[in-house]
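Everything on this sheet refers to the single structure shown next.
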Amino acid sequence: MAKVVTRIERADASVIDGLASAGVATVHEAQGRIGLLSSRMRPIYPGARIAGSAVTISAPPGDNWMVHVAIEQLQAGDMLVLAPTSPCEDGYFGDLLATSAMARGCRGLVIDAGVRDVRDLTQMGFPVWSKAVFAQGTVKAVLGSVNVPIVCAGAAIEAGDVIVADDDGVCVVKRADAADVLKKAQAREAAEEAKRQRLAAGDLGLDIYDMRGKLEAMGLKYE
Amino acid sequence: MAKVVTRIERADASVIDGLASAGVATVHEAQGRIGLLSSRMRPIYPGARIAGSAVTISAPPGDNWMVHVAIEQLQAGDMLVLAPTSPCEDGYFGDLLATSAMARGCRGLVIDAGVRDVRDLTQMGFPVWSKAVFAQGTVKAVLGSVNVPIVCAGAAIEAGDVIVADDDGVCVVKRADAADVLKKAQAREAAEEAKRQRLAAGDLGLDIYDMRGKLEAMGLKYE
Amino acid sequence: MAKVVTRIERADASVIDGLASAGVATVHEAQGRIGLLSSRMRPIYPGARIAGSAVTISAPPGDNWMVHVAIEQLQAGDMLVLAPTSPCEDGYFGDLLATSAMARGCRGLVIDAGVRDVRDLTQMGFPVWSKAVFAQGTVKAVLGSVNVPIVCAGAAIEAGDVIVADDDGVCVVKRADAADVLKKAQAREAAEEAKRQRLAAGDLGLDIYDMRGKLEAMGLKYE
Amino acid sequence: MAKVVTRIERADASVIDGLASAGVATVHEAQGRIGLLSSRMRPIYPGARIAGSAVTISAPPGDNWMVHVAIEQLQAGDMLVLAPTSPCEDGYFGDLLATSAMARGCRGLVIDAGVRDVRDLTQMGFPVWSKAVFAQGTVKAVLGSVNVPIVCAGAAIEAGDVIVADDDGVCVVKRADAADVLKKAQAREAAEEAKRQRLAAGDLGLDIYDMRGKLEAMGLKYE
Amino acid sequence: MAKVVTRIERADASVIDGLASAGVATVHEAQGRIGLLSSRMRPIYPGARIAGSAVTISAPPGDNWMVHVAIEQLQAGDMLVLAPTSPCEDGYFGDLLATSAMARGCRGLVIDAGVRDVRDLTQMGFPVWSKAVFAQGTVKAVLGSVNVPIVCAGAAIEAGDVIVADDDGVCVVKRADAADVLKKAQAREAAEEAKRQRLAAGDLGLDIYDMRGKLEAMGLKYE
Amino acid sequence: MAKVVTRIERADASVIDGLASAGVATVHEAQGRIGLLSSRMRPIYPGARIAGSAVTISAPPGDNWMVHVAIEQLQAGDMLVLAPTSPCEDGYFGDLLATSAMARGCRGLVIDAGVRDVRDLTQMGFPVWSKAVFAQGTVKAVLGSVNVPIVCAGAAIEAGDVIVADDDGVCVVKRADAADVLKKAQAREAAEEAKRQRLAAGDLGLDIYDMRGKLEAMGLKYE
């Protein structure tokens, strides 16, 4: 049952970087409002906006052994994504593991559990999205799996899927859909720019989107 | 049932600005320790201290149509205050809506739900107090109401009430009480300044407030 | 029942400062992974890393009278640690009390309840770890106790125990164990430095910690 | 500020009893999907379905003095409704207070805090909807108010409003609307009965409500 | 994007019934400790122990239109499984929908949101596992999908998977694994029976499972 | 560090049984409103009212090995009390362990984590107070300790302390105080009986406790 899948497919680097540039909210919209992880996933410091290929970890509560195993599977541009097998907020990850992950080109960590050494991680520029900051130590006693499908913070994620993360949270894009989602995200950004200028000039969404008739038809009354 | 009240009374601008200057904790005390919204309402960035007249929004879960309707009702110096009709943390509001609201002089948003594009909002200097940061998109399908009485994060708020918000959270002041509350807040600030100096010099609250006798009378023992 | 213990033992100042320097995660590990307070205890601003001797407060919900009593018991290098007698998030503490506490050399506050005036506290450099930021005012009507054993955010704490707090949270070290824990923490830091360099150079934890054999023996499969 | 309003208007007894019979879900629908208290309000035992006129209590955290004051204001058919001035889960109410309230004809308690002696209350048949069961004792030290407007579990409630409570939770009906809401509730029940029979016979809501065309028009695809 | 998959595979009825008989805890163990839904999923009444084939629903927050669509897809022995597209606790389901679902042979509902009319549902013997009981009404305005893969309360579920539910919560078994899991569950039950008798007779797990040596080897000390 | 203390002191059986009879709320009051465990600790079925001597367990998250070790330490009249070393809701305990514990005279379990097989436990009459019902399985891989001091659900507990538990929750009484607390509890019960009769007869607490003068002196106004 406990296994490590060593060969995973990844999306094109340029697609991944494009998705990072678009950001979580735009990517989420572009793919039809799916793929968001729970709002409990918060960045340990503001300002990071990244994307990477998921190296997934299914780990027992309070046991970070599989993180060591997963780091060997990292390629430059990857992100670690850890889901505990039951709810846990222990600090699976700190500055030593971040040092090791960064040495392999890892861009960040998404963990539905806790993280520690957050001051060091901030100084190192290693971004983490987690449900808790908690120094609680973990053991290395029970096996888990690496690069298997997981559910992390309410989202189904497979190894090689593209993870996009910024101050708004975390979104997953299916690897096979990544290029298409990027196109839609870029189209959306272009369309938004024109709207932004009109809105900044004082035009109302009611007019830009031609909502007044429909609102009246549905029965909205002005008093 | 779904309606927009287009004419609302507002407090004097100078009173509103005075309340902003006093801040949430002082205003809350000055009006007898009432009016606080729940502590789950947190600012998306530190440092903002504002006040404004409430333009209220009652919106269905996951539907931000009424935000567009409300923006038309904004005057310079107003704040948007949104309460969903049932608990929701979707991202009703992002950078486009903020652009539109700012174009009309809106000072900020208080929302008992989610907000997104927080990096952009931070750069724009548009402050938001919310219960969640969440990129989840919303629809425009069901009506709500604007400028009706709402309960937002545990506080009853009417259109035109003064909303005060800073790093401590959010407080509402009834419009009719605003001038009186400002006077009390300013009196409180003046009184606190003298105490602050004595405390900084090492005097104890036990002596400044003459507490020792009462503590002894109530039975406090020193060992 | 309500009492103030006026004489408490404290650990050596150099030990306390050493523990501050080691930080929460290292101290927690050094003493066998015990002593952490709940992850709900978060700093009001990032970057503080301190330690001090606990002056404990057991206070009724919504009543901060005992904070005034406790401040008189403070010595330079102490920290205030408050546990309400039932769950509460009211703002027991703000800038005036911080002014008073700082005048007596207090290094910070740990409170399993709320705090207010956080902008002022940040500017004053008075760090607080709390479960909430909430402006809700408190009364001075019911007695509590000072320097009695308490359970604060899930950790048993006695007056004079060493409190270590940083961005990772809060940890308590029994006063009698403090010197020994410091030694172990420093040994741990030294050992980690060598590992950090190897990991930064690309060596894997799997090899450094010689994990491959055990993983295989336990049945981990690579596919 | 602390006051007791001694004269309150109440709805007709027959209207109140009719609303009890309709139950929370139907009443909530009948008045346009408003008035529900938060889902955290749960009954201490299943099966009670009641309604009564609200005698409201605004009480400090951990202080049940005002419950004694409120009991004197009770008339037969009333319900006690308590909101603490800040979040609290202490056990404000137990079997002695229930004995006193029942002696005055009180039908039950709605409390956004804790309750205790729930075994006794169950045996006495005194229903309570609360956010917690907690034995924590309270004091009698600080004033509050009785029969003032409150926000309880997210709903604005005035003295004399009709409270409806059953296994689904708690709903408030404005006193002035009670008779009209009852009519709508009864109409709704009548309409539902016919639908229930058709559904029980195997007819589909898709057909009864004629939804197929609209679903297709909106783009629903069957595969 | 919004679609209804009309043909789904189901496991054998005898396998499904066998899994119901084994119960959640045993099935979860038998398949390697996977498949549990979050502990927030609680039954509305105690004592139900069922299994059925999942007819899945992905529904917008506060919109139960797709429940009507899903009911048409039900066959005898199925269970409805609903996941909202963002967190929601509205009452999507009540006695009318239950009447309709029962008319089609539906065995129960698993919903990561709210349910209402729980007294009626209890009397009808229609079991529901939900995260909330809440009367809040829903609309029929936005499309969702039926029989698509969902994540419900932290578990990935596909249409036709076997849902097992009892007082311990809810577990999903992949359709293709169902027969194998049943065998393992029955083997586990048989093995447990012998242990239960020894334990009831006073034998210790320490001896039955031969743990003493390993505990000592790992360093457990008796004082 | 991992150890089992094999000899613990227990309170007199008659004292323990007397405390059970008094119940949680009365015992909590009798000892000065201390000793309650968090309100998150709920019974798996209503109606149990018990007391016993604590056999304490400190266990890693998701690891129930020490439960087996603890069962050997049980004597008739004891209760198991388990605190995980970090927050966890896994199902550490089910019907097999209950069978074993009952064979040794154990009266029940208090666990700040999860429990499973609750239908079986209910039928066996083995009461459990827990923070969750969750079938999630646990491992036997990491040591913990038995009969050491723990903090369980916010209360400090030592082996041999008396645990009282009923529908109101759980309370701990220090072993050395148990006889004294029982006397106070019985005195309290006697005093309450007289009050109950007066209240049932319609006398008001305002008069029985002579509160009117003090309320008026503090400024309560009747309108």
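Order of writing sets the labels: A, B, C, D, E and F. Residues in every chain begin at 1.
By definition in this document, a residue touches a chain if its C-beta (ideal position, glycine included) is under 8 Å from a C-beta of that chain, and two chains touch if they have at least 3 such contacts.
Just so you know, these numbers come straight off a predicted model, no measurement behind them.
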| item | value |
| --- | --- |
| Chains in simultaneous contact with subunit A and subunit E | B, F |
| Pair exhibiting more inter-chain C-beta contacts, D-F or C-D | D-F |
| Distance between the centres, which are taken as Cα means, of subunit E and subunit C, whole angstrom | 42 |
| Averaged-CA centre spacing for the pair subunit C and subunit B, given as whole angstrom | 31 |
| Separation of mean Cα positions, subunit E and subunit B [Å, integer] | 42 |
| Interface hub residues of subunit B, defined as touching at least two other chains | 33, 36, 39, 85-87, 89, 134, 136 |
| Topology of the chain contact graph, where touching chains are joined (line, ring, star, complete, other) | other |
| Pairs of chains found to touch, sorted by chain label | A-B, A-C, A-E, A-F, B-C, B-D, B-E, C-D, C-F, D-E, D-F, E-F |
| Residue ranges of subunit B touching subunit C (in the complex, touch as defined) | 23-25, 28-29, 33, 36, 39, 42, 46-47, 49, 166-169, 171, 192, 195-196, 199-202, 204-206, 209, 211, 215, 218-223 |
| In the complex, subunit F residues that touch subunit A | 60-63, 85-90, 134, 136, 139, 141-142 |
| Residues of subunit B defined as touching subunit D within the complex | 1, 32-34, 36, 38-39, 85-87, 149, 151, 154-156 |
| Residues of subunit C touching subunit B in the complex | 2-6, 45, 65, 68-69, 71-72, 89, 91, 94-97, 99-100, 102-104, 114, 116-119, 122, 132-137, 140, 143 |
